[in-house]
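See the structures that follow.
Each of the next two complexes has chain A plus one other chain: chain B in the first, chain C in the second.
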Partner chain A sequence: MDITSDIHSQHISRQFNQELDELKTHLMAMGGLVEKQVQDAVGALLDRDSELGQRVVDNDRAVNDMQIKIDEECTQVLARRQPTASDLRLVLAVIRAASDLERIGDEASKIARNAIDLIESDSGNRGFVEVRMISEHVRRMVRDALTSFARLDTELALKLVHEDDEVDNEYGSAMRSLMTFMMEDARSISPVLSVMWILRALERIGDHANNLAEYVVYLVKGLDIRHTDPEDLDKDMFERNP
Partner chain B sequence: MPLVKEQRSSPDSAAIIDFPPEASSLAIRGLSLAYGDKSALNNLTLRVPRHRVTAFIGPSGCGKSTLLRVLNRLHDLNDEVVREGEVMLEGEDIHAPEVSVAELRRRVGMVFQSPNPFPMSIHDNVAFGLRLQGGLSKRKRDDIIEWALRSAALWDEVKDRLRASAWSLSGGQQQRLVIARTLAVGPEVLLLDEPASALDPISTLKIEELIRNLKSHLTLVLVTHNMQQAARVSDYTAFLQQGELVEYAPTDTLFTNPRLARTENYITGRMA
Partner chain C sequence: MDITSDIHSQHISRQFNQELDELKTHLMAMGGLVEKQVQDAVGALLDRDSELGQRVVDNDRAVNDMQIKIDEECTQVLARRQPTASDLRLVLAVIRAASDLERIGDEASKIARNAIDLIESDSGNRGFVEVRMISEHVRRMVRDALTSFARLDTELALKLVHEDDEVDNEYGSAMRSLMTFMMEDARSISPVLSVMWILRALERIGDHANNLAEYVVYLVKGLDIRHTDPEDLDKDMFERNP
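This part shows the complex of A and B:
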């Protein structure tokens, strides 16, 4: 059966409701912080603000701390409550989601470090257009993934799974045009490589957002759609949940 | 061990798993039961797979113990009980007039919540059923007693004091003694009604380990309030509510992704 967003607050034990509620709240807070980290990392590059970049690098520690806190809370719920069914799926989804958010945080930090290098070497803005475009796309994906998690909205989650393919395509064509820059001008190799690392990090963020969306489907429908071809997904969901 | 091949019946009962007759030990069809005018079971149809552990779970008064008791005709002596429908054990109707209740209870053994050893020695408790059957040499009988105590994972703890009173054993040991007594007469099915609810956690784990080992040659049916226990030991779980079979599925599925909201609410401790 599909679950609805109020399902985790209907236990006979109010304490249990509260514990599950806190898990969700803390995950959303972590999501908010991570979203901001990505935004600031890209902003540091585009606005040539290395101070902002350094703040992103420093803040990564806060993201890591949040993951550890969430993991501890999940461990407590597993040990004390032995959750089943949708409660169990919530705890598993939160553990996995926190892990992906932490890695989005790592990617943001990577982007910020490369941005600082680029700003300090003062080497023009080749590839910035591509960074802007792809970063807007993946930031929207992260935001939508968190929204779909908060609302248990599988339609929105499934849309994201398809969107990841678009990001991969955009990433591919951006890499090709950056390659041309490097071939044309050997002096541009070092800065363009930094931009490539940034694009690579953004593409990975898209993958993590995609994972978050998959956990939403698992949480709501109990279906594990990891490693399923997006083309087969819609058909699959319909067949298994008529 | 390969899983029993599953087959689903009509789409209306998609939440109820079915098994092919040749893989089933017990088949219950259209079973209803009432105590006077109070209905306890309402038109239950299900099969219990052979050499597997099947758990019945549900809130108090849902009929799970009543169902278990029907399976070895414990209601026979209660004049108030009205029963409809049939229970087949290996294809034979257990309520048929030619069936001997004593023989049925040999084939379908039962273990209750509180251990109930007889007021006699450990040895004599296990020998009791064998003596009733008669026709065995003392030597043969002692062999069976050792086998039964070993099967019940009690032999090593009692082999040096078989003549001691059964009452000298701890609660967990008494429960395993009762299981040995049941095993001695060679049952095909073992019914367990809250077999560990009066025991400490270590004894409970021993009983659960025993259940796992016994399924190599027995069909086990377990009734329990302890859902974690059902999740730990059973292969299939049936959820009953107000005398109806709500959902019956592989335990793996029922505890992670039940099909029906009623099941979900019960196993996760939500208000109905």
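This part shows the complex of A and C:
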């Protein structure tokens, strides 16, 4: 009896680990799609490709569907497996991460819609340099956030939390120079506003990448660093690490 | 022995229900604080009270602390009680709702910071009528969302999901008239942009109220209506209701 029950419990535990791995795999697949949506949305603007922009808008549905599916899987794992400790933290981190990925998808869709407006109004390329620069930075953040999640790499995750401040600075300075364009030429107001919305969306994507990185720390260290000042963070990590 | 164990399990279940009630109570307390933050942020602008604005910015920390506390309580309930079915849905809905309330708090803080800028630059009150109108609408949505959560009132929740479209329309028309101000007078660009950020924040608050309403439906019906077109919703509810 003991051996049978042991084999049985090993079997359950193998299945459970498989389910947890699947959650991570599905999250990474969603992350890959969302990365591509951001890349295509910005590409649509820079290459003046409104068809590509429309594809991004249309694909947002697929992103939403993936979030619902991941949420359902997480809920089932919670109900059937009743995980505790680090397994529980993993499932909760996946739920949170999927929600941030879905919001990154929303922002990509907003970028694409503004890109289509800009292409159709054929109004020059003021601010495109800034869009390109910030988008590259932010896309790298999303990629690194997903990598840190896949590898549970807290060092990479903590680097990201600091990096978000840099994006905020780049964003602030881009917004100021765009405002100057507006003041110099009233006809530029409408297109420059569209570029501002795009920059705003990129800045928000940086925030979500930052959130993803925070979940990795929560997952590995069991430490909730949301709302902690990045400057206090290393100190806090050091003092509270096991 | 049977009676003792029965009393024991009744005791556990009473304690558990108490814990679930506490989660709801704490979420409502957080909701109350967040409602007040939105009210004060808009009040700071309309009454030109930058001290009040600064208080909103400072209070954001209290909102963040409440989210962390609620999240910890939810995680503990999941780990210790291992809830299933509707109890599990409640805990997950509380985690999600606390996250949306925290983001409403962020938006209130952004409104307050822009209000302080506007008060200090002493630049007239263009767009204030629109801010007042949309803020009243959005605050009513937040209040109704919290009420529908407290009473598990899906009828009120579904009303809200439709209302979000109205706010989006009001927002779009306000943004268009603000753009006209900018084009007519280049000196108005900077203050009008601040008003635009405030309107954007209000529109986002409406989205979060909408999310809260969706969690109520999820909670009561076990039906995930996120990303469902409001027009399909009543039909969908009808077809899938138990």
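Methods note: the second predicted complex is superposed on the first by the 229 of 242 C-alpha atoms of A that agree within 3 Å, B and C clash if a C-alpha of one lies under 4 Å from a C-alpha of the other, contacts with A are read in each partner's own complex, and residues count from 1 in each chain.
In the analysis below, a residue touches a chain if its C-beta (ideal position, glycine included) is under 8 Å from a C-beta of that chain, and two chains touch if they have at least 3 such contacts.
The shown structure was predicted, so the numbers you read here are calculated from the model rather than taken from an experiment.
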{"item": "First (chain B), second (chain C), both or neither touched by A:D65", "value": "second"}
{"item": "Per-residue contact with chain A, leading partner among chain C and chain B", "value": "C"}
{"item": "Chain B versus chain C as contact partner of A:L193, first or second or both or neither", "value": "second"}
{"item": "First, second, both or neither for A:L52, with chain B first and chain C second", "value": "neither"}
{"item": "First, second, both or neither for A:H11, with chain B first and chain C second", "value": "first"}
{"item": "Which of chain B and chain C A:I119 touches, first, second, both or neither", "value": "neither"}
{"item": "Touched partner set for A:A79, first chain B, second chain C, both or neither", "value": "second"}
{"item": "Chain B versus chain C as contact partner of A:I95, first or second or both or neither", "value": "second"}
{"item": "Overlap of chain C and chain B interfaces on chain A (superposed complexes)", "value": "82, 84-85, 88-89"}
{"item": "Of all residues in chain A, those that touch chain B in their complex", "value": "1, 3, 7, 10-13, 16, 82-89, 222"}
{"item": "Chain B residues touching chain A - in the complex, by the definition given at the top", "value": "227-228, 231, 255-261, 263-265, 267-271"}
{"item": "Parts of chain C lying in touch with chain A, wherever the complex brings them together", "value": "61, 64-65, 67-68, 71-72, 75, 78-79, 82, 84-85, 88-89, 92, 95-96, 99, 179, 182-183, 186, 189-190, 193, 200, 224, 226-227"}
